[in-house]
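Note that the chains are named A, B, C and D in the order they appear, and that numbering of residues resets to 1 at the start of each chain.
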Amino acid sequence: MSIPLSITKTIHDWLFSIMPESAASITEMVLIATAYLILFAVAGLYLVYLERKVAAWFQLRLGPNRVGPLGLFQTMADALKLVSKELTSTDRIDKLLYNLAPYFVIITSLTALAVFPFSKQFQAFDINIGMFFLIAVSSIGVIGILLGGWSSNNKYALIGAMRSGVQTISYELSVGLSILTMVLLTGSLQLSEIIEIQRTGGWLILQGHVPAIIAFMIFMIAGTAETNRAPFDLVEAESELGAGFHTEYSGMKFAYFFLAEFINMLIIASIAVVLFFGGWLSPFGITEGITWFPEVLWFFIKVLIIILLMMWFRWTFPRLRVDQLLTLEWKYLLPINLVNIVFMAIIIWLNWTI
Amino acid sequence: MSYFSDIYNGIKTLLTGMSVTGHYFVRARKGAITQQYPDNRDTLKMFDRFRGEVIMPHDEVNEHRCTGCQKCEIACPNGSIEIIWDRGIDEVTGKKKKKIDKHIYHLAMCTMCGLCIEACPTDAIVWAQNYENSVYDRTQLTKVLNQPGSKVKAGIED
Amino acid sequence: MTNKEIQNIVSTWSDKLEFSEEESEFLNVIVPQEEVHSICSQLKAHADLKFDYLFCVTGMDWGKELGVIYHLESTTFRHNIVVKVKTEDRENPSWDSVSDIWYTAEYHEMEVYDFFGIKFNNHPNLKRLFLPPEWQGFPLRKDYVDEENMIIK
Amino acid sequence: MESTVKSNLKTEEYFINMGPQHPATHGVLRLILTIDGEIIKNVEPDLGYIHRSIEKMCERDSYQQIVHLTDRMDYLSSHINNEAVCLVVEKALEIEVSDRVKVIRTIIAELTRLASHQLWWGVLGMDIGALTTYFYAFRDREMINDIFEETCGARLTMNYNLPGGLMFDIHPNFVKRTKEFIAHFKTKIPEYDKLLSGNVIFQKRTKGIGILSQEDAISFGATGPVARGSGVSSDIRKIHTYSAYDKVNFNEALSTEGDCFARYSVRIQEMWESLSIIEQLIDNIPEGDIQTPTKAVIKLPKGEYYQRVETARGELGVYVNSTGTKNPYRVKFRSPGLSNLSVINSLAKGSKIGDLVAIMSTIDIVVPDIDR
């Protein structure tokens, strides 16, 4: 993975040569930000395409196959359609909040992406409180949903927004706690540090054996609830609320909500990969020696497997009711999580880890 | 301790559910039931009793079997058949006889119930099997079943 | 129980009842307007009859009189009876509703009011069931005329 | 279950239209819900969006034409509706229909019931949130539609019955296709159970929700699977047997809890019963003529006639009052949908919106059947 290194290095030196220190670093950040924006917008589009294809295979259908070879440009066409759509809205909406809501959601999901170590060099922002930053940012997203539901002056949207508020706040808890159990094992919040530990001792899910597997299951359940997907998609339950909080949005604003949902899915999957399955490390170090093999590939293979699992949940399970959703969180996930942390602490104290 | 058994068989039922969809996911290649309609147009053939549209078959000499007896018009529940008939001299017997002029069929109002075909004494009207009946302008749906210049086949008595 | 026995029991309740069996396969009882509620509640409550299932309420216009036909069945003995109520006055015919005896009557009586204009006293929510509230006239009456959408063949 | 928390904060109930266009109301049914937060206080259906006054049309139509009108009432059991009107006319004219017609009518009635229950199962899954059940149910239903299309020419509203018999004889490979379908579907119902009935989320969404007691079921006039879910034995095929139901032995699917899951398992059990009925009849369809000759213009003798038939949704009653002319004097259809719908207010009071959707799909509402 030395090719991109040289490119960023040359740009870096060229910028610093022609501009003063501060201006150069700002332009560099802007450049990286636009690169990430483009990369993950396209990744979001192709996640939508993957979701529609996977859904079709589950449901005895073919999925999009008309626009472009194998329907690859289908979501591109959808994006263009959404861009060209008129931004309609009902008359008595709360103008400021209505327009602000989509930006909240899309900005939080994009900022969370900055922290992930896709490969050794390919990481925008390696801060030593990586995990903490991730949890903090992903909890701002729910404000956007609440704003959107409240300001669009539609009773169904209001109910959807209230449901999503309740759901995300309570599932924030078990996401944080399950990450905490794993951080106990690694001892550091820095993402690249976590991967370094896994290079020698094997993946964290193996190191932490039983409590780690429990933490992984809790994290997957809470993660799907966090992104309002699968059995917990009460926010936009088609058969109850129509389209939930984004009923009144159209055009590009709807595209932000839609894209943000898929990028959130990407975030949850990448947290799981970094924390449990050793980020860009190849399984059992088989491609350790070969230099030209891009480690980013391992990262995305693992992310795709986890996303496939989340899609499998979505197309099999019926929806939970609001109060069952909360009883599941407060009566089942939380107690198990707390016991799990104590169990993990005992194991580390008696250093039974592998 | 129903708490743990509750969780255990909860997860077990979830996994069996997933096994069913997984089973279909793995066999996605041959299991798809989508009919790609515009592409399979030439191979798509309707069953021979399919009720597409009422037509009046004409033989090669442009003769049909409709004597204009209006039985189908009476039998039709929603008035989608109108018969315009006029008096004509019958060549063989030389006396006045009812002759069909126009057999108007409103496909727009027809509910495909088949009572007209059931009521027709001389089997003059039958079902056609075409299924592409949509048109751009409603007037095109009012059809005249007997072709211009056609007349009744000899020897058909109602 | 056969129709004869039912007839004997029911005829003891009031003398203004008429029984008939021809032209229909069930025992018909013609009940005057004011006794509808009392007869029906006795039909349901009586130990040997137990008509607890009102399966059909039909509004009827016999040309001069308006009326309602209640088809009743007992889910325990599986025997049937038909209660008919007739009234001469077509301006505002009304009698007691039986929706407190059988809950299903609530919706069926709304439908009869909607199509025949028969009002039912102390009915919980008597309004037009199918037609819009501002509809004029009662469509299923024989003397109902509506030029534009009634095509007489 | 009133909320035990004494909240002194001023909560205000508001109205929501589960309006004519809503994914959960299959068809144009409008429910005016008064809601306090998520708890439903009152459900008031507003009907009439698809009212075509079928009963008024019947008064100007001949008896064959009335048969065709009933196709559009409960379109999922259209054959059974046609059969009801034909049976009334045959009872009035004292025509004895040949055994072959009776058996064919019963087989196609059971196939219609199966098709209706399949569609109900697929759409119930979709309402509760599992979207894949819809496609599995429609794949199986497609086979039944092909059988109907081949024999009667139409897939759903197939006007195959005539007073006095059938329009034409069954297609040569009708028997072969039905046997293929039975073999295929017998492997699929266990799959339905694994996918939905066994699922713990589904059971939590339906068990103990919308409980209908036995007295309420009878008093509200609920029939069909809704009544049998609460233990009321109301199967007209058993009580007042008609056409070939006396030749087959099948038992009535009953369960006692009366909640959504009970209604669900009654319908699944009914699918098994229908399969076994078809199996008993399909191999020995007796010979006989298809139509007993009737006069072209049917005039029923003066009097009142009533026929009750078990459709997929419950008991359909046809009341004909004839004065001897060629059109009936008054026709009344006792629709199973209207009485089943009247149950909804007492079931949904105090439950949540999610439960209301589950209750409505287990009552299996078809709006044209309610509005007529």
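Keep this in mind: a contact is a pair of C-beta atoms (placed from the backbone, for glycine too) under 8 Å apart; a residue touches a chain by one contact, two chains touch by 3 or more.
As the structure is a computational prediction, the values presented were derived from the model and not from experiment.
Undergrad: Please report the minimal path length, in steps, between chain B and chain C on the chain touch graph.
TA: The fewest steps needed to get from chain B to chain C is 2.
Undergrad: Which chain's mean C-alpha position is the greatest distance from chain B's?
TA: Taking each chain's C-alpha mean as its centre, the farthest from chain B is A.
Undergrad: So which has more C-beta pairs touching, A-B or A-D?
TA: Greater number of contacting C-beta pairs: A-D.
Undergrad: Rounded to the nearest whole Å, what is the centre-to-centre distance of chain A and chain D, using the mean of the C-alpha atoms as each centre?
TA: 45
Undergrad: Taking each chain's centre as the mean of its CA atoms, how far is chain A from chain B in angstrom?
TA: Roughly 53 Å, centre to centre.
Undergrad: From the mean C-alpha coordinate of chain A to that of chain C, what's the distance rounded to whole Å?
TA: Going by mean C-alpha positions, chain A sits 64 Å from chain C.
Undergrad: Averaging only over C-alpha atoms, locate the centres of chain B and chain D and give their separation in whole Å.
TA: Here chain B and chain D have centroids separated by 26 Å.
Undergrad: Got the chain B residues that touch at least 2 other chains?
TA: Each of 14, 17, 20-21, 24, 33 in chain B touches at least two other chains.
Undergrad: Residues of chain A that touch two or more other chains: which are they?
TA: 58-61, 315-317
Undergrad: Where in chain D do residues touch two or more of the other chains?
TA: 132, 135-136, 139, 195-196, 199, 201
Undergrad: What is the complete set of touching chain pairs?
TA: Every pair of chains meeting the touch criterion: A-B, A-D, B-D, C-D.
Undergrad: Per the contact definition, I'd like the list of chain C residues that touch chain D in the complex.
TA: Listed in rising order, the residues of chain C that touch chain D are 22-26, 52-56, 58-61, 69, 71, 75, 78, 102-104, 106-108, 111, 115, 128-132, 139-140, 150, 152-153.
Undergrad: So in the complex, which bits of chain A are touching chain D?
TA: So the residues of chain A touching chain D come out as 55, 58-61, 155-156, 159, 231, 233-234, 237-242, 315-324.
Undergrad: How about chain D: which of its residues touch chain C in the complex?
TA: Chain D reaches chain C through residues 47-48, 51, 53, 55-56, 60, 216, 218-221, 223, 232-234, 239, 302-306, 308, 315, 317, 319, 321, 330, 332, 334, 338-339, 341-342, 371.
Undergrad: Touching residues of chain B toward chain D in the complex: what are they?
TA: Of all residues in chain B, those touching chain D are 9-10, 13-14, 16-17, 19-21, 24, 33, 46-47, 49-51, 71, 75, 77, 111-115, 118-119, 127.
Undergrad: Which bits of chain A are touching chain B when the two form their complex?
TA: Listed in rising order, the residues are 54, 56-62, 312-313, 315-317, 332.
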